[in-house]
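Multiple structures are listed underneath, in structure tokens.
Both complexes below contain chain A, partnered by chain B and then by chain C.
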Partner chain A sequence: MFFYYLDLAWRSIKKTPLMSLLMVLAISIGIGITITTLNVYQLMSENPAGERSDKLVAVQLWSQGKDAWKEFNNQLTYQDAYNLRKSDVPVRQTAMFITGLALQTEDPDFVPLLESVRVTDSDFFDMFSVPFIYGKAWDKGVDTEALYQVVINEVLNKQLFSGEDSIGKTLYLDSKPYQIVGVTKTWSPSPLYFDVTTGAFKDSAQIFVPFSLAPIEEFQSWGNNQSWKRESINNYSQRLNSEMHWIQFWAEVQDDKQRDEYAQWLKRYVEQQQLIGRFDSPEAAAQLSNVAQWLELNEVVPEDNKILVGLSALFLVVCLVNMLGLLLAKFLKRAPEIGVRRAIGASRAQIFSQHMVEVGLIGFGGGVLGLVWAWVSLSLLSSRFDLEQSLTHLDTSMWLIAPVIAIFAALVAGTYPALRICSTNPSVHLKSQ
Partner chain B sequence: MLSMKNISKVFKTDLVETHALRDFNLEVAEGEFVAVTGPSGSGKTTFLNIAGLLEGFTQGDYFLDGVNISNMSDNKSAAIRNEKIGFIFQGFNLIPDLNLAENVEVPLRYRGFNAKERKRRVQKALEQVGLAARMKHLPSQLSGGQQQRVAIARALAGEPRFLLADEPTGNLDSMMARQVMELLEDINKAGTTIIMVTHDAELARRAQRNIQIVDGQVCDFTMYQSGEGHQGGERASEKPHLVTESHVSLNQDKVAS
Partner chain C sequence: MLQIKPILSTLMRNKSGPILLLIQIILSVAIVANASFIISERIALMDRDSGTAEDQVFNFRLYTFDTNIDLESQIQRDIRAIRDLPGVIDASTTSMVPLSGGGWSSGYTVGSSEETAKDTEGAAIYYGDEHIVNSLGVELIEGRNFYEEEILTGSPDLATHGIVSKAFAKETWGDEPAIGQIMYAGDFGEMPIKIIGVVDKLQGAWVNSSYLDNSVILNIQLVNVFTKVLVRAEVGTLAQLKEAIPATLHKDNRNRVIEGFTLISEHRKRVYRNHELMATVLSMMVVLLLLITSLGLAGMVMFNIERRTKQIGTRRALGAKKRDIISFFLVENYIICLVGGVIGGFVAVLLGQQLMSLYSLPQLDLIYPLMTVAGLIVLTTIAVILPARKAARISPAIATRSV
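The block that comes next holds the complex of A and B.
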């Protein structure tokens, strides 16, 4: 019977094209707005670490003095990051920050580019599951004995070397030659959870260089730099020894037990620092947050977004109320035909099903059109407000979610009109036809 | 076949109670062709609606094919309508968007027949009314008489045992009316019980039995022998029932308030 109802629904839609179009438009606008906000919300609230969420922990230290800010800072000082890198408790760990370097190649015609570069440790790539197409990360030994090695991404490799295997080739950063040891696939988790200090929704850097090169090459931080202490910083060495917070630090633990061990190790580290006169605040402590906790802690998804999703859902309800009115008018106009169908053997349930299939079909149409609206509005948001691509692409899950929400919403709106039409007394209409 | 005992039907509004049927008694045997006549507003259509399970009743007992219809669920009564009863209406009541074959097919869809069986029955029913060649036409492309024949085909497709016709010739000219009447007679000869409401005394006389309804009650039975060997119904009342009271009464409480 479903296909019979589907056939009747299609005929009915064709018979009243304007009214059907109005209903499809009503629901599609509601769906379009809902899907747009839901899409942005979902992309913002996604946990990109997936199953590894509990194993990756962001390290924070309350290292500031008692008169400084009253919360854990997202970043560490260089000296703390340097010390923490010596811990043998975590499976992996990495310190990192963003810098900017002038990129050149051996091609004399190449116009130098100023590129954002992530300064990090070799563990970074395994910890955050960075896929490689050529080569690999620099060796672990480079984290202590600095070498001029570099990992670039697929896009840059295509730009510089036409996508060929560039392992062993040289590129120049701030005029220094770096040997390429790895080329990553295009990889940009959203949100960029391991560094939310300058906004969680930006693209990953295209170039990665060893953290051990920082004191040698005196890489400047392109991220946030926060200091609570009045210090005179006239050179890079003073910066490294200052109480300025500018390094992100992540560790990987195997399980909860190892996480507890690491927490104990950090607690001892805080106590040691207090003994040498640092960490003089009574709140001095260490804090570990897994990826989910980290995203929540940093309010990667602002509360406003949740309100926006709620408001768009309310707008959908308004659209559905309009649709309900149109459906009621359409169905009741059909009462004489339904009277005949009831007289010749259709039960109320069959008439109800027939109309719900029609409503579902309208909902499906609204869902598909709603997806188009969502795509258009996301494209407009992207072009007009220069938002990151990671926030404005239509997530694949929405291709399924939109029609499902639209059909469900339409069925909710259609229930009352369908109940009304199937409960009409057939005998009233038979004589009047 | 059909047995109604002391059936009452009251339509209530805030101010008025209308007794459409009162102590209505009727027995119709299998294979009978019964014509129901009576003045406008006498309760003919109400009787037909109750007989066809399109409306409930206020009091009494109704047995159709030995089955007590009182308090029957919607699903069951819809199934009985679909399997045992065929309807023919004055206004034909064809679905304008469906072609003839699709119109005739509607009750078969609800019966759950497969496509092959539906096709066979549609073909047979349309052949029976002489319209098989026009099965792809829309109702609007047919004359009134042809539309009524399609309605008859639709009623016959489910091979019902019981055909209810509400002024089937009311919208037709005399020639078309005669053709439709002849078709109904043929159907009756094939064994289908027919109850036909009509204003046309000429047509009523062609039925085996004529029932007159006045003010919601059976007023008179008249037997016409067709000579075709049908069973015929029994006389239920020796005398015409004289109606002395109005069948509409005021709700005194409401009026007073």
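The block that comes next holds the complex of A and C.
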């Protein structure tokens, strides 16, 4: 029966090609716009930590003075990060920031490159599930007793060592020799949730060095450096002892119980710091956020995207109302024909389902065409605005979502016209024939 | 004359079609009004002038990793060498680049005594030498530039002289002349800075900050392994200077990385990208929405004509002119448009309020719904007239036929 209705629907569509085209166009443009904005929104709001989202927590401290910032800063001071690293409550933890160093190899003809480098602890790689091809992270001991060791990624390894196992080889960062201990697979979660301070949709760094080297090598911070206190910072040791916020800090907890325990530990830490005269605001406290909360807190999905998704949903409604009007007109025009069918025995349910199949077919056409529009508009936008690839590829889920929304929306819009037509009284139309 | 009464009764006889059209127009007005409001707001943001010669000025990063040299004299040699290159108008080291999205900012302490001292609004801080004003291409409107002997080298804390933007001067000292005022980089009395000049306009690096037009230029040549260099050169010479500058500087000392050549006009494009993106997507939406609404309307009119063929023929037979037939459809459309426009205007304001409370958008200006309704009337007139002309051609003889 379904295929018979499909055949009828196709004939009916062919009979009024212009009107049918208008309807497919209307729904496809609505779907196209909605899928475009939804796609960007979904890619932005994705939680890249997956099931580890609840285990990873970002630490924030209200260390500022009384009249300073009115909210938690998303980074810590060096002294707090240094103290927090000593806690034995979390399973793993890491302090980190981003810097830039000149990269050279043993080849004297190699033109030095300025590379962004993440300064972090050995736990970083396990916490954020960084996959290795060769070697592994530096030993935990290096986090306290600094060694010149480095982890690089696959791309850089290909560039410098043509992709061979480079463990044990040396590369130079700011003219200092570093020994390679690990090569990671290309890995760039999007959003880059563990460091959203300088844009959440950038690529991850290619080079990682131990955090314990920071005070020795005096790595500059390439991220945000925010001060609430007027203090003079003219050298690195003043920087390390200052109240400037510039270090990101993450911890991994096993479960909620351990998270509470860690929160208690941090509370005691704040109280302890108050005794030595820091954290003098009445609001002084610590705050833990898991990855989902962290993305929310840092508004990784910009407002503009939410507005666009909202407006495009309204846009889709307009398209549907438009289609509803056209369908109604079309179906009512066919009333005499339906009168004949009813008179020779077709039931209301049959007439209704016949029309719903037709509507569904139009919806399907609109959905497919809408996907094409979405693809066109995304590629236009990404070439025009040079957007990050991670934001403009059409997510595979959309291949399913688009036709489903389109068919569903078309069926909703088609219900009223189909009901109207199947409730016509056959005798009226038969008479006028 | 306009036959409003018979039109109204036609509308009432078959309600569902007109009601659907009404809903469509209400929603269209609400969406288009808010979207075009956001678009015009973004365009106004993007139109703001940075005050600099954006097509001439570019910056690059210079990273020296040689520890065995005197960095200060190295940087001074480098800047002199750059100024001597053909095509270069001027060059200076800087702490930040306008519209680049990153840099330095701070508030200062001003006042005549410790009790009356207060903090100024935040301002972008440019540290540079006596060439920075010319290198940026900003216009000095009061006072004077730094003298060469006033330039200090090294740490930012040493600053003694300042040139401020007009916006910052006005906000801080109101109508009092800014020249000769003192502001403090620390608490009252600490690290005094004397204002010696005012530039007409100079923006900072963050286009979404509330103090974008507040800028301060201080008399310090920064000495740091990371140095930002600002170069002003003839338009079109960047491609060749991109090669010439590293070649010249590497001849002097090879142990550095030179990269990131970017014109301020490119920074502008990048920093306003999200606004431009929003404006583009919304414009796309507005155009498509209007298109769909008018196509839908044209479709409805075509359908109505077919249904009313007999009625139209009868009217023509009874003496109605072609003009009357067209005006019948037009007036019918205007009635729906006006009712839809009024309700749509309300909905637009409601939607605007909703957006305002949820997001950081200003209040919707009433001119936008009005403009949208006006635009819709023009557009729907076209969408109605085209099919209605066909209706006007219906022969009166049709009325005499039975089917």
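The rule we apply is simple: the second predicted complex is superposed on the first by the 395 of 433 C-alpha atoms of A that agree within 3 Å, B and C clash if a C-alpha of one lies under 4 Å from a C-alpha of the other, contacts with A are read in each partner's own complex, and residues count from 1 in each chain.
Here, a contact is a pair of C-beta atoms (placed from the backbone, for glycine too) under 8 Å apart; a residue touches a chain by one contact, two chains touch by 3 or more.
None of these values were measured; they are calculated from a predicted model.
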item: Which superposed partner A:307 touches (first chain B, second chain C, both, neither); value: second
item: Chain B versus chain C as contact partner of A:11, first or second or both or neither; value: first
item: Contacts of A:113 with chain B and chain C, given as first, second, both or neither; value: second
item: Touched partner set for A:426, first chain B, second chain C, both or neither; value: first
item: Touching partner for A:377 - first (chain B), second (chain C), both, neither; value: second
item: Per-residue contact with chain A, leading partner among chain C and chain B; value: C
item: Partner chain(s) touched by A:343 [first = chain B, second = chain C, both, neither]; value: first
item: Chain B versus chain C as contact partner of A:26, first or second or both or neither; value: second
item: Which superposed partner A:140 touches (first chain B, second chain C, both, neither); value: neither
item: Common interface positions of chain A, toward chain B and toward chain C; value: none
item: Residue ranges of chain A in contact with chain B within the complex; value: 1, 4, 11, 15, 336-337, 339-350, 425-427, 430-433
item: Residue numbers on chain C that touch chain A, as the complex places them; value: 16-17, 20-21, 23-24, 27-28, 30-31, 34-35, 38, 61, 63, 65-67, 155, 157, 186-187, 225-226, 255-257, 259, 273-274, 276-278, 280-282, 284-285, 288-289, 291-293, 295-296, 299-300, 303-304, 306-307, 355, 358-361
item: Contact set on chain B toward chain A in their complex; value: 45, 49, 52, 54-55, 74-75, 78-79, 81-83, 86-87, 89-95, 97, 106-107, 109-111, 154-155, 158, 166
item: Interface residues, chain A side, partner chain C - complex; value: 19, 22, 25-26, 29-30, 33, 36-37, 100-102, 112-114, 174-175, 220, 230, 232, 234, 302-304, 306-308, 311-312, 314-315, 317-319, 321-322, 324-326, 328-330, 333, 377, 381, 384-387, 416, 420
